[in-house]
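By letter and in written order, the chains are A, B, C, D, E and F; residue numbering begins at 1 in each of them.
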Amino acid sequence: MKPTPHPQPELTPLLAFGAHPDDIEFACGGVVAKETRAGRRVHFVVCSHGEAGTRGTPEVRGEESHRAAEILGATIEFLPLDGDARLEVRAAHAIALAGVVRRVRPGIVLAPSLVENQHPDHPRLGRLVRDAARLARYGGVAEIRSLAPHAVGQIFYYAVTPDAEPTDLPPVLVDVSDPEILGAWTAAMEAHASQIAARNYVELQLTRAGLHGLRAGVDRAIPLFPNDPIVLESLAPAGRGARAF
Amino acid sequence: MKPTPHPQPELTPLLAFGAHPDDIEFACGGVVAKETRAGRRVHFVVCSHGEAGTRGTPEVRGEESHRAAEILGATIEFLPLDGDARLEVRAAHAIALAGVVRRVRPGIVLAPSLVENQHPDHPRLGRLVRDAARLARYGGVAEIRSLAPHAVGQIFYYAVTPDAEPTDLPPVLVDVSDPEILGAWTAAMEAHASQIAARNYVELQLTRAGLHGLRAGVDRAIPLFPNDPIVLESLAPAGRGARAF
Amino acid sequence: MKPTPHPQPELTPLLAFGAHPDDIEFACGGVVAKETRAGRRVHFVVCSHGEAGTRGTPEVRGEESHRAAEILGATIEFLPLDGDARLEVRAAHAIALAGVVRRVRPGIVLAPSLVENQHPDHPRLGRLVRDAARLARYGGVAEIRSLAPHAVGQIFYYAVTPDAEPTDLPPVLVDVSDPEILGAWTAAMEAHASQIAARNYVELQLTRAGLHGLRAGVDRAIPLFPNDPIVLESLAPAGRGARAF
Amino acid sequence: MKPTPHPQPELTPLLAFGAHPDDIEFACGGVVAKETRAGRRVHFVVCSHGEAGTRGTPEVRGEESHRAAEILGATIEFLPLDGDARLEVRAAHAIALAGVVRRVRPGIVLAPSLVENQHPDHPRLGRLVRDAARLARYGGVAEIRSLAPHAVGQIFYYAVTPDAEPTDLPPVLVDVSDPEILGAWTAAMEAHASQIAARNYVELQLTRAGLHGLRAGVDRAIPLFPNDPIVLESLAPAGRGARAF
Amino acid sequence: MKPTPHPQPELTPLLAFGAHPDDIEFACGGVVAKETRAGRRVHFVVCSHGEAGTRGTPEVRGEESHRAAEILGATIEFLPLDGDARLEVRAAHAIALAGVVRRVRPGIVLAPSLVENQHPDHPRLGRLVRDAARLARYGGVAEIRSLAPHAVGQIFYYAVTPDAEPTDLPPVLVDVSDPEILGAWTAAMEAHASQIAARNYVELQLTRAGLHGLRAGVDRAIPLFPNDPIVLESLAPAGRGARAF
Amino acid sequence: MKPTPHPQPELTPLLAFGAHPDDIEFACGGVVAKETRAGRRVHFVVCSHGEAGTRGTPEVRGEESHRAAEILGATIEFLPLDGDARLEVRAAHAIALAGVVRRVRPGIVLAPSLVENQHPDHPRLGRLVRDAARLARYGGVAEIRSLAPHAVGQIFYYAVTPDAEPTDLPPVLVDVSDPEILGAWTAAMEAHASQIAARNYVELQLTRAGLHGLRAGVDRAIPLFPNDPIVLESLAPAGRGARAF
């Protein structure tokens, strides 16, 4: 998929954080494809090299990640913190991520959900990102004082697996049925060849999107979970609800 | 406030149900004013004459309601069910309300929240409306077969008091800070003169909207609670979050 | 699928209640097939003729239901209460269902989940069944005194759609991957030909079972939600958990 | 209580983690007794010497623990982490516990519940064990690469006190009414003589088991809380529910 | 136990509603004894004759109830609604109970908890009482206009069994350890001789109070669940917390 | 406001912890004023100098804090832990705070709420205080063994903003309508002149107290959230409920 030729410059950037090289792509690559295609700049920050996984060296996984980001129209950087399967909730990490927020100055931020019963790095990164978005607004944090404070518009949490979907928060469901979007998402997942050799994660995600699509009355949909209440100027944008079948 | 001279015909109607003559106005009159001003048709259906209240005869309250609806740019009808303070969750009521849904054919429906610890008519009407929106889709319901099935886009619940706001669902917050909107809302509440003689309900609502406004970064905001996940074509409309101060 | 030739007589009957002619089959037909195949007697009680649906006459739907029950190895009876889309929570209904419980004397009961935001008949029947299981134990209820009191072992709730799955209760996941079981389930769903003409409900259920299967480490699984804590003689039967991917 | 003479070799080991020398015994010693008696190997890992408690030296508490484990038919080791009342959620701890999981290779793991308002070491150890069970499956974690990955079947949380029982998760209730089991449990609690001098913890546990027993229709029962949905081949093992009196 | 000779006239009455002849006594007889002993007037309203139970005729149960109320120092009346095991949530019932509230004019009201998975009459009566307390404040309800409106101070829900205790609301725990209070409570339960022949309900309640007492640092305590936030003039009365062991 | 001339010596001290120099005052200064006026000793422990905020130097903020504490009649000390916006949940911090608890020996402790989606220091300090209150009871914690163990009566959580109010716990509402109390609270907030220059935090708090006051039937009320169930000798102190309008 090529980014649209005429990106709309007024769109704020989207900044997506991932704990491992393939998390963003599997959880919500279709949403990323849709946003870049609409002209939004998207940047990935990956916080480990996935070195604790059963398969794939850091080098291979880095290459896969760059390829996947390119397919989705996003830029990417690696910002290792404590290492894969070792992430801890440290104030210094939150401040480092707040520095990234100030540098990229996103309107929208994506982060892994806070649901605990999954890979322990995921909810910890989600909490660090939530804290970072707040610290980015405070003027007196010494390490990042050289960058101007920045307030993000909204954090959306993504779920890498169905069990990571919060059950106490309703999602927004993003329609990703467009064949071009679906194709880009699928290609981005398949770019992580080292990870999909053994288990069919691609099928998991497409099945899951199919089930959410059935709720939303479309072919495929991806759920994202807003961190804060949505502020609206009118009811129109929220006027289409997933009908609960 | 005058309705805008050139309503946009593509806007679907908004259908608001109230258990008592002043519920819609106090809970979310500002949202109604905003939608009618944007050219949306709004229709109120009031399901009792408020005859169990301490003050105001049915006649007086009917007049107040018509005046308030006019101020907000809405049409209004009364559809008494079991009577004020006597509403029960009966299948026949849900079917009757489904008939109204088929007649008005709204995209958006407003109803009182399902929170139980308040006036008992409120959550019961909320449940009836939720059921009605579903029955309106089923082709075989005998009483309403003469009207074509209709699927609403979204139900939003409103809260007549702070304690009626669900705590297990995040709201959307609608900005009603525009002085013209605020003025229309205030005038519509004050139209219910029989009700505001004894307790300052107007102040309650404006104070409450002020507190939600502080969350949303605006002067005043009204919370509404979507019944079903919001389906989006892009993240842009949901990209502004109430920042939790 | 034929019922196994030598049913084990010590297995207590399973009694499944449905609000509409196809609810049991779509929600958990695979579990029924598995239980009858293991020699358990299963009886369906369907509490309306589905006459409010968009498609299918009561006669057609009755024939479809008998065919589906036969495929699954179950017996079936119809016990209309208030009519489709008209069910109310009445004490008389609970007593009538308690009479059925006393007559069939099941160890296990299946009923629709109590989740509210779905077809209104579903949670209401769920509540009636839960109440019926309790009334069946009380000796002094006049209408059913001719039948000996009976205490069921466990009520499991089923979900007709994904949105009807309770989010505040963990399910048990029943493995239905065996091709013979899957085949019987699919055939039972397809027996409801009048219902699957317009929307692909069969695909919905198989997709959903596939997603639960991925959680459980099997091909397909169906979630059921126990009403009461499970009492165990040893940890062994509960020693296999769905791994949250 | 003597372990049964002919343990069934096919039973997978049970691995129980405790934050302090007496936690496992008080919370669920009866379950342990039942499992060892049924031939299951049980191993205790105690993560402090209880040195912050008001009573008992580490030496005395160690002796009491070995005696209690012996009574229950379990083996025991001490694996101090940060020290009593000092436990923190560190990635290094989770990896160390994952190493124990790989060494013991349990089917079932017991850990303290995640409920927060209790001794702070308890929920932290629970979280570490949950993380450890996941890390034990990942092939690339350097410190434990010499041990083959291992996937546990189920984690059950135990509650040391009534207030540590999760209220958002239903328990499984294990019947421990058998006098021999009850006797072994009581003896194992009483082996912690230094702890029961001042407050009647034994009475607390037996009273609590009596109340759960009343729910379960037996004399005494112990609640355990599964971390993941239970996967079943048939409904039979879950067919006995605690009847809510 | 004799009521104290000099009741303090400034104490507002306590009005307790029960669905069956023994519910109030088993659930919270100790609290009643404590309040009457402190000089508060207590009145019981029992909404069925318990005729659906397995044991005891209405006549016998009426006599037992009068005896139990006398032991606790309370007055009692019977107000049958739909009959035992037949109670429905009808507006007419709520209005009838609101009439009782206006007649007795209590500061404190006791009602069964709203937890659903128990005898169906219990949560229904709880909901009716909650509604009644609200309707008692409205001036326009025709049937009860002859009695002056009345606003109760607080509704407390009681739980007849442990499973009826709400898990989403913290209780207040009332110390009932005083031997005289415990004796009166026990005698009031034993007055229901027809009910305690078969199952040891008295032991259930005393065991349960013992477990709550262990939480509260006293011998026995009874939990009650306030319907609305407690309004305080100072923190002193709330300064003693159950310590979670 | 002057403290009352004759403090009642039998009142136990109140110990309030704040993460930043103005948190206690903004969240619940009115409650503090009321308690000191009633003769209770109040001591503030502030765990950072607020140096990460956008406005105000540590020196200025320290002076503001001392002035505010004086206005409220409280003493104050600073106990910096990891620094503003850097607080982590460390066992050493909990032990340090437990040492303060043993020194001050309060009956009542105030701490920021555990709600996560706010300034990250707030819920972390809340958790540390909760742990500290527990560690203060344990005899064997080496660092604080020189101070006698102490058990606090109750921890109340305060909310610095509306979004920090727990939604899963009911508050107690403290009436602060007395003009002298309101005046002292307002003056204490205004003492933090460096913080209120840019945003109207004082209006936020008074608006919020006004809304809670409307619930409670008074002019202004402040919500506090008890950590543990309240233990009562009688229902009288809890007999006034916020009426949910």
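By our rule, contacts are C-beta pairs under 8 Å (C-beta built on N, C-alpha and C of every residue); 3 or more make two chains touch, one makes a residue touch a chain.
The structure displayed is predicted, hence computed values, not measured ones.
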For this session: Identify the chains adjacent to both chain C and chain E in the sense defined at the top.
Result: B, D
Exercise. In terms of C-beta pairs in contact, which of A-F and A-B ranks higher?
Worked result: A-B
Exercise. When the contact pairs of A-C are compared by residue number, which of B-E, C-E or B-F has over half in common?
Worked result: B-F
Seminar exercise, completed: Fit chain C to chain F (C-alpha, same chain sequence): the rotation, rounded to steps of 5 degrees, is 180
Exercise. Farthest chain from chain D, comparing Cα centres?
Worked result: B
Exercise. For chain B and chain C, what's the span in angstrom between their mean Cα positions?
Worked result: 37
Seminar exercise, completed: Chain-centre distance (mean CA atoms) for chain A and chain E, in whole Å, is 52
Seminar exercise, completed: Distance between the CA centroids of chain D and chain E (whole Å) is 39
For this session: Mind pulling the residue numbers of chain F that touch at least two other chains?
Result: 117-118, 168, 215, 227-228, 244
Exercise. Name the touching chain pairs, would you?
Worked result: A-B, A-C, A-D, A-F, B-C, B-E, B-F, C-D, C-E, D-E, D-F, E-F
Exercise. Which of the residues in chain F come into contact with chain D in the complex?
Worked result: 89-92, 94-95, 114, 127, 130-131, 134-135, 138-142, 149, 227-228
For this session: Going by the contact rule at the top, pick out the chain B residues touching chain F in the complex.
Result: 117-118, 161-164, 167-168, 204, 207-208, 210-211, 214-215, 244-245
Exercise. Mind pulling up the chain D residues that touch chain C in the complex?
Worked result: 11-12, 14, 31, 34-35, 38, 107-108, 151, 153-156, 168-175, 215-218, 221, 223-224, 226-244
For this session: Please name which positions on chain F make contact with chain A in the complex.
Result: 51-55, 82, 84-88, 116-120
